[in-house]
Amino acid sequence: MSRKQHNLEALSFHIAMTVIAVLALALVVAPSLVVVIVSFTSGFSLKFPPPGYSLRWYVELWNAWQLQFAARNSLVVALWATGLSILLGVAAALAISRSKSVSARVLDSLFMSPLVLPALAFGLAALMFFSLIGLPVSLLTLIIGHTIVCVPYVVRNTVAALAQLEPTLLESSAILGASRLYTFRRIVLPLIRPGIISGAFIAFMSSFDNVPVSLFLRDAATDMLPIRMWQDLEGKLDVTIAALSSILIIATVALMALMERTTGLSKRLAG
Amino acid sequence: MKSAAIAPGDVTRYGLGLAAPLALVFAVFFIAPLAQLFYLSLHNDAVATVWGLGQYVKFLTDPFSLSVLGATLLLGAEVTLLCLVLGYPIAWLHQRAGHWLQTVIILIVLLPLLTSVVVRTFAWIVILGRQGIINSTLQSLGLISTPLRMLYTQGGLVVALAQVQMPLMVLPLITAIGRIDTNLADASASLGAGHWRTFFRVILPLSMPGIIAGCTLTYAAAITAFITQSLVGGGQMLFMPMYLYQQASTLQNWPFAAAISIIFLVAVLAIVALFSTLGRRARINGDAT
Amino acid sequence: MMIDRRRLLTSALTLGAMHAFPGLSYADARPLVFATFTGSWEEAHKAVLVPAFRKASGDAPVVLDPMLSVDQIAKVNAAKSNPPIDVMLHDPGPALVAIGQDLVEPFPVENSAYYKDLIPEAQDPNGPAPFFQVVGLTYNPDTVKTPPTSWADLWNPDYKGRVGITNLNSTLGTGWLVEVARMHGGSEANVDAGFKALEALKPNLAAVAANPGALATLYQQGQIDISPGNFNAIQILKARGVPVEFVAPKEGAIAFKTTIHIVKNSPNKELAFKLIEAALSPEVQTTLTEPPYLIVPTNAKVAMTGEIAKVLAKDTDELKKKFVFQDWKTINQQRASWIEKFNRDIKI
């Protein structure tokens, strides 16, 4: 191959890859932008581009008590599920990380399995189970269900953080006479904290966004935001949902930026 | 408490007992419900008194049910393929980019992962609708006179799902491509193999573990994406999640819904197992080269 | 140390379960759940009925859970002793089912201030009717230049890929199918001709909506231009400037009453009664007859005026004469199998 041909060939490859990559990135980000723009429409439909701009749908949101009710429930459930996931998940991660025993590996697979199994099947199973043991659906059953599907994120991120911990650190601490609790509090915890936090962050987001479990375990008295939004979209294409969506997008971006600064989220998830 | 499992001197490990609370919670609220689901699916009647495989027979001999399963598995394959074709170049670009651009790419990819799935799906209603962004652009360019029908079509659904699930493909790819020794590619290129050839012969095979992981995650997510399937697919396209929901919720046919869940679950696990076998084989081949 | 940790966990869990959830004593704390219909009904009830109920009940907590009648019955049936819904809304078909399956509490007629004012057809001790519905044809006047006059117009080849229908889970869907069958020689007892006609409609179908509310959404999105439709489902959209019109087909529009019921074993019977009272009151019904709701009243003290009088009827007598009232007892006998057949056959 001549040099010129070679350059041309290299150019064609780089251009093709870059063009697809840029288009794909645009595809990934465009829908969020579209939602934000449409939420400022002055019209009643989701026509794009909007016929005019206004804040009316944000004002409308102020009166949307059903959505607010669902949002409050979702927040309560997500906070509880995240808290429980941290407590149970970090303890479990400490136990199974660094352990080569079979039981530790079995437990690891067990704790990760909610990520692979279709959550819808678990949602249905949980509903049947709760009705069998006579526990009516409530915020409590939702919290239990969400904890099961959120705890894997905390376990996984904590295990990953623990794997990077130098064992010699712990040994030297012990040699210096520190108790295990002291070592845990002063050395282990600070070092794995970013891992725990980013796991907890993803757990929180996935609980707040959960559909398959909530679908079966919610009812009107314990309405969940994603389900309410879905039903609103199906029954009446309400532009209020666009305003709410755009608030959620902005909140997500802000949280992501915060997590990026405090825990280096991007490295953690793509490392 | 002394943890008997490990030597008292080993300060780098924690006792397995710490996993007990979570294990207990899983036993009661995860394994037991799934076991009950399985138990229920093994009954022939709606109130679960008569044992039998009737529900499975009903599903597996019913062309309608089988077509729903087939459509769901096909949908997953289409979405996964599209994600791979679009996602791979993103991962490739990420590897070549500078530090700042790398962070931007990751954050762009992460955004849909963390945004509510209802919001992401909602965006596609705005984009694909008759008065949506694509139709109004094409019409103002004079390329079409009547709006195209994109919402409630298979094509529209595949694109929407691909966008919604893209992060699950890209993140493992980035990890895998990042691990490839760049010298290898350079060596191949300098030996005159050309970039396209190098890409298909060297980079692509070496990133196989990432491809497999990405495909597994994307596939599993795409076929279970209840909200996107129902909102973008519309009332006349039926996939397994909605089928299962209808049977359980509207028709209250719990044993049949349980059987559908088990069949769905097995189908997902089979696909995951298939992918991981492929992955293991790819890794062995990769080590050999 | 590990015991401490474990004890901490257990007590945190117990604390969480016992103290943090007053919702555990579920029945007392739960708001009144009113299962209304999707779309315009939900909007009308949210805007008019709920405020009136709040005023009458001293701001009692209430939530709306819009869903089709068949879904309401399924949900209540699944948990009869502890139903997730307090007030149900039913069209004639599902109402017969709900009463037949013993899911409704008799309405305390003697305590009601408004029951005696209802027209005779609306008085039913199992659950009074707060309004009537009328089903005809709806269309987009911007794209459908000649207004349709018959159900048969939906089969017009000009409307290829522009027709919307709903599935048979709704009264709209089933009622319409019965009328199509009737047009081709069928009846409430036999809709085979209707299914055959549906097969021929497929090239024209743009969407099959999950419920009548979703049908309205499809007009708003411009996804469909013509469909069988509920007079009320489109009024709010029309008031907002979405081009959509209602017309009664020459075969006769379908009319029926919608009844409201207290769910058996509801923990909120008192509040449920207050909500129904509010729905029957002349104040609420009068507001609901006005734009953008235009809901046909059942309280004799509320006049049918304006748009309702112009497009539908001036009073109940005219309503009864002008429209088709279907035999839901007969329809119910086979409805489940029709729903199943429809869900399997109709893929576009």
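Observations on the structure shown:
In this document, chain identifiers A, B and C correspond to the written order of the chains, with residue numbering beginning at 1 in each.
Methods note: a residue touches a chain if its C-beta (ideal position, glycine included) is under 8 Å from a C-beta of that chain, and two chains touch if they have at least 3 such contacts.
Everything quoted here is computed from the prediction, not taken from an experiment.
Among the remaining chains, C is positioned farthest from chain B, on the basis of C-alpha centroids. Summarising the inter-chain contacts, the pair of chains with the most C-beta pairs in contact is A-B. With centres taken as mean Cα positions, chain B sits 15 Å from chain A.
Look at where the CA atoms of chain A average out and do the same for chain C: the two points lie 36 Å apart. Shared interface positions of chain A, defined as residues touching 2 or more other chains, are 45-46, 87-88, 91, 180, 234, 237.
Looking at chain C, one finds that residues 1, 5, 9, 75, 78, 210, 214, 221-222 touch two or more other chains. The set of chain B residues touching two or more other chains comprises 15, 17-18, 20-21, 125, 129, 131, 249. In the complex of the two chains, the chain B residues touching chain A come out as 5, 11-23, 25-26, 29-34, 36-37, 40, 85-87, 89-90, 92-94, 102-103, 105-112, 114-127, 129, 131-133, 136, 162-163, 166-167, 171, 174-175, 178, 189, 192, 194-196, 199, 220, 223-224, 226-227, 230-231, 241, 244-245, 248-249, 254, 257-258, 261-262, 264-265, 268-269, 272.
Interface residues of chain B facing chain C in the complex, by the touch rule stated above, are 1, 3, 15, 17-18, 20-21, 64, 125, 129-131, 147, 149, 151-152, 234-238, 249-252. Those residues of chain C lying in contact with chain A across their complex are 1, 5, 9, 12-13, 16-17, 20-21, 23-24, 26, 30-31, 33, 35, 38-40, 42-43, 46, 63-66, 75, 78-79, 82, 84-85, 210-211, 213-214, 216-217, 220-222, 237, 240-242. Within the complex formed with chain B, the chain A residues making contact are 1, 6, 9-10, 12-14, 17-18, 20-25, 27-32, 34-35, 38, 45-49, 87-89, 91-92, 94-96, 98-99, 101, 103-104, 107, 110-111, 113-114, 116-122, 124-129, 132, 144-145, 147-148, 151, 155, 167, 170-171, 173-174, 180, 183, 202, 205, 208-209, 211-212, 215-216, 225-226, 229-230, 233-234, 237, 241-242, 245, 248-249, 252-253, 255-256, 260, 265-266, 269-271.
Residue ranges on chain A touching chain C, taken from their complex, read 44-46, 66, 69, 80, 84, 87-88, 91, 131, 136-140, 143, 180-181, 219-223, 231, 234-237.
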